[in-house]
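Shared chain: chain A. Partners: chain B in the first complex, chain C in the second.
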Partner chain A sequence: MSSWDDDDESASASASAATTDVELLKRAWRNEKAAPEVLRFDKDLVDRVREQIQLLEETLDDFADSGVDDLVVSLYQMDLDRTLFLLRSYLRLRLQKIEKYTMHISRSQDLKDRLSEQEQKFAKSCGEIMEKHLKQSVLSKLPYGYGDEFVTKQSLSSTEDDMTLVIEILHICMNCGPENGLYSLPTISSEHPDLICLFRHSVPEPQLDTFVFCKTKSDVGAFQLDDIGEEVVDLVADDLYVLRYKSIKGLVEGGRIDLI
Partner chain B sequence: MYGRRASQLVREIDSSEAGQLAPFNSDIFDQVIRECNEHNAQFQSLIRKMVEQNLDIETTRNEDHYGAAIHHLSLLRNKRCLMAYMYNRAEVIQSFRWKIGPVLPHDIQEKLHFSEKEYFKNHSAAIKSYISEMDIDLTVDMVPPKDPYIQVRVLEDIGEVSLGDHSVSLTKNSLHFLRRTDAEQFISQGLMEEFLE
Partner chain C sequence: MAGQSDPHLSLFSPSEVEFVAEDEVVEIVPNIRMDALNMICGDFGPFFPQIPSKVPLWLAVALKKRGKCTIRTPDWMTVDRLTQVLEAERESPREFQPLPFHYIEISKLLFDHAREDISDAYLVRSLIEDIRDVRFHKVETGLETISGRTHAVKLKNLSAMEVNIVRPFMVRTLQAFYKHDSPEMIQQGDNTGSRPTQVADRGPREKVDVKSHSTSFSFLQRDLRRR
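The block that comes next holds the complex of A and B.
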């Protein structure tokens, strides 16, 4: 039985240690690393960690002046380096997700709100730079009417619906009449709202139904994994699960479950 | 066959190893652009023909109608392939900023389209402005630190460099014991390598 007691002790010890900011950052970093989409930016936490880093740096400078034992200095240095790595890696992971899903993020206010002020600025310039690049290299070289936004953001699905779709497009082309002597595709407008629905989006999106490893922090109880309530799992505290990210998204956001 | 060249571009992306970049295929790229213009010319002439024949466009389903539709679809497909080609290359190119640094070596530069060079420059600038706003360098510390100090070998003459409170003369092939954070910038530029015994 003693081994069980040991486990309990170490579990409670790690639970109390998890309250330091560095531990919290480690948790945020782990969640960010495992989640397919960008999570909410914890500004207060990052600010606190940066303050602590600065304090540690000052302490190290003092050590250097007062000639403290090299071993002690290098231990402090190691601690500092690790925290710095964690912070840098956390910010980097987020930037790389923003790079990848720029267009997807720009379409949703909820996703935009998850970013820090500086990240929002970064996302905006990423979008502009990519747009400029694609316009310059591809769109400007296509025939009149094919290089505009309309077909940039949406693209045809490759199903048999294509024929009916084309027929519809042709009708609109005819009705609009030639512009500058050329027939062109209709541009997006309120006149043809149903047309927009016929196009499938070709913007890269994070795969939210991917599986993630996660660990519960406390008892969640019976948890519904799908919309219809066919799959219910009992989430017990401190247990490991492999679940679809999509179904536990809310728990991750609420901090009730950790991704690992 | 319509669309074959464009699919070649996409296949090229698909078959290249993750994170690797093949030279920009300007030959096929230009051919696809020409094909697009050809499709458009055909599309225009077919529609003009139908209009001249005074056909009721709402209901007419003759060969010209389907011909125009095929040219239109082929053009859209080509466009989608071109965009996918450019977009996927751009993703690899932006990953170079993290893996290599703000200056790309000559052999990579040669593989890029002029617009891609510009893209890399602009994208690096966006990262740089984020870094300066946050006041934390994100381009160092790419791997978790094990030891605060590492042994390095200098690959090219760097000269006198001041690191922290002292200056070091970094001549080619010399060995140094440096703070990892100091050494990393030189390692990423290819001027130094970690010396492992």
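The block that comes next holds the complex of A and C.
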């Protein structure tokens, strides 16, 4: 197997010695693409890559002034473009997820903490815009008495025909919270558990039960896929598996396994 | 695009997979003198005429396009090696032969941009196509054996592009089986069920039989005999 020596060499070299930031960003990008939920933002890494991009942009400007060979300039330009693509794609990908799961993220501090400062601002304004939209398109159109300040139990005890309306209202209840004078959620949940279930289904949530393709970096050993230890897989280094995301979540976060 | 309706099923576009493959290292023989390139993605060179040097594929292709180098065909892309691989692929119906993770993309890029640097290019190309066909047939056969008891699939040596092609089918199938297998689905026919994420207790389960490490394409399933 002599021809694999080169591969092995480069693989072990990149694993042990300096992995470039681009390589790390590429890994983060691939994981982010393959994972159903938003992953932790690596601020330091993104800052470092940004710095390098800026540095190269400045160097390219200098090159233009000092008349460096066109070929060299174009090669550096390609390197810059590739890095920019990766960074933009990574950030855009996260924004898409945040937009999709705004409500879900806003409910959990752990999820909020995964976002960068700018992303948190984005998530907040997304939520506000959605709330405003729902108010304008639903609450303001309700007959007098159902309005903003007066969503009462009356609307909830209505007939089945009004179900859709009720769900819309619940949507807004969740958004605004009881402190805004709206019907409080605990009351609804105790009296109408089925409504709450329906409502929950209407908030987009990442599907953590989905299956993902992943590659192990090193031997993980026997790994438990379920809670009760009846589904165990022996994860060997550099093998490819299709597993449930939920069960290997921890390994992804710990950087022991790469999604592909 | 097929995956457009659910972006999680078709995550990477073929061009994105190619983008990743372009970072694979190949050997070039430059015909010019050029200083070392200190790039964001790494340092390469310096380059001297006729002295082989290792660079990422995208850099090699860029230089090749401008006529500044020849690209050395990787060892695995020779008629001898590929013939061996093809034979072995055909002989072992449940195993994939080890090939570079990006063999499809690398060979495509080399055929597109450095065809004249490949000896027996025509034969090499048809061998790679045959290998792809044989391997994909195995993937398809493997898909048929997925069942409700499959909770994990091991695909040793499957390549990046093959993963990308099979992903939508594989994920959808496994998900469907998983969903219908869950006690929640069995217990309640109504739509008031709790969310799937709440399924902590999935009922008594059989032990998993993790036997086959010899095969590349193994479905890790609960052992039927213990049912």
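One rule holds for everything that comes next: the second predicted complex is superposed on the first by the 189 of 260 C-alpha atoms of A that agree within 3 Å, B and C clash if a C-alpha of one lies under 4 Å from a C-alpha of the other, contacts with A are read in each partner's own complex, and residues count from 1 in each chain.
The rule is short, and it goes like this: a residue touches a chain if its C-beta (ideal position, glycine included) is under 8 Å from a C-beta of that chain, and two chains touch if they have at least 3 such contacts.
No experiment lies behind these values; they were computed from the predicted model shown.
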* Taking the superposition as given, does A:A28 touch the first partner, chain B, the second, chain C, both, or neither? -> neither
* If you stack the two complexes on chain A, which partner ends up touching A:K141: first (chain B), second (chain C), both, or neither? -> first
* Asked: After superposition on the shared chain, which partner residues are touched by A:C214: those of chain B (first), chain C (second), both, or neither?
  -> neither
* To do: Check the residue A:M78 against both partner chains and state whether it touches chain B (first), chain C (second), both, or neither.
  => both
* To do: Considering only the touch criterion stated at the top, classify A:L115 as touching first (chain B), second (chain C), both, or neither.
  => neither
* Look at A:L251 in the shared chain and tell me whether it touches chain B only, chain C only, both, or neither; answer first, second, both or neither. => neither
* In the superposed arrangement, does A:L87 touch chain B (first), chain C (second), both or neither? -> first
* To do: Residue by residue on chain A, keep only those touching chain B in one complex and chain C in the other, then list them.
  => 74, 78, 82, 85
* Asked: chain C touches which residues of chain A in the complex?
  -> 2-4, 6-7, 10, 20-23, 26, 30, 33-34, 36, 49, 52-53, 56, 69, 71-72, 74-76, 78-80, 82-83, 85, 193-194, 197-198, 200-201, 205, 207-213, 225-228, 230-234, 236, 239-244, 260
* Write out the stretch or stretches of chain C touching chain A in their complex. => 8, 11-12, 19-20, 22-23, 25, 34-35, 37, 39-42, 58-59, 62-63, 66, 68, 74-76, 81, 98, 100, 151-158, 160, 163, 167, 170-171, 174-175, 178-179, 191-197, 200-202, 205-208, 210, 213, 220, 222
* Quick one: which bits of chain B touch chain A in the complex? Just the residue numbers, please. => 33, 36-37, 39-40, 43-44, 47-48, 51, 57-58, 65, 68-69, 72-73, 75-77, 79-80, 82-83, 86-87, 90-91, 94, 98, 113, 115-116, 118-119, 122-123, 126-127, 129-130, 133-134, 136-138, 140-141, 144-145, 147-149, 165, 180-181
* Asked: chain B touches which residues of chain A in the complex?
  -> 50, 64, 74, 77-78, 81-82, 84-85, 87-89, 91-92, 95-96, 99-100, 118-119, 121-122, 125-126, 129-130, 132-134, 136-138, 141-144, 146, 151-152, 155-156, 162-163, 166-167, 169-171, 173-174, 182-183, 202
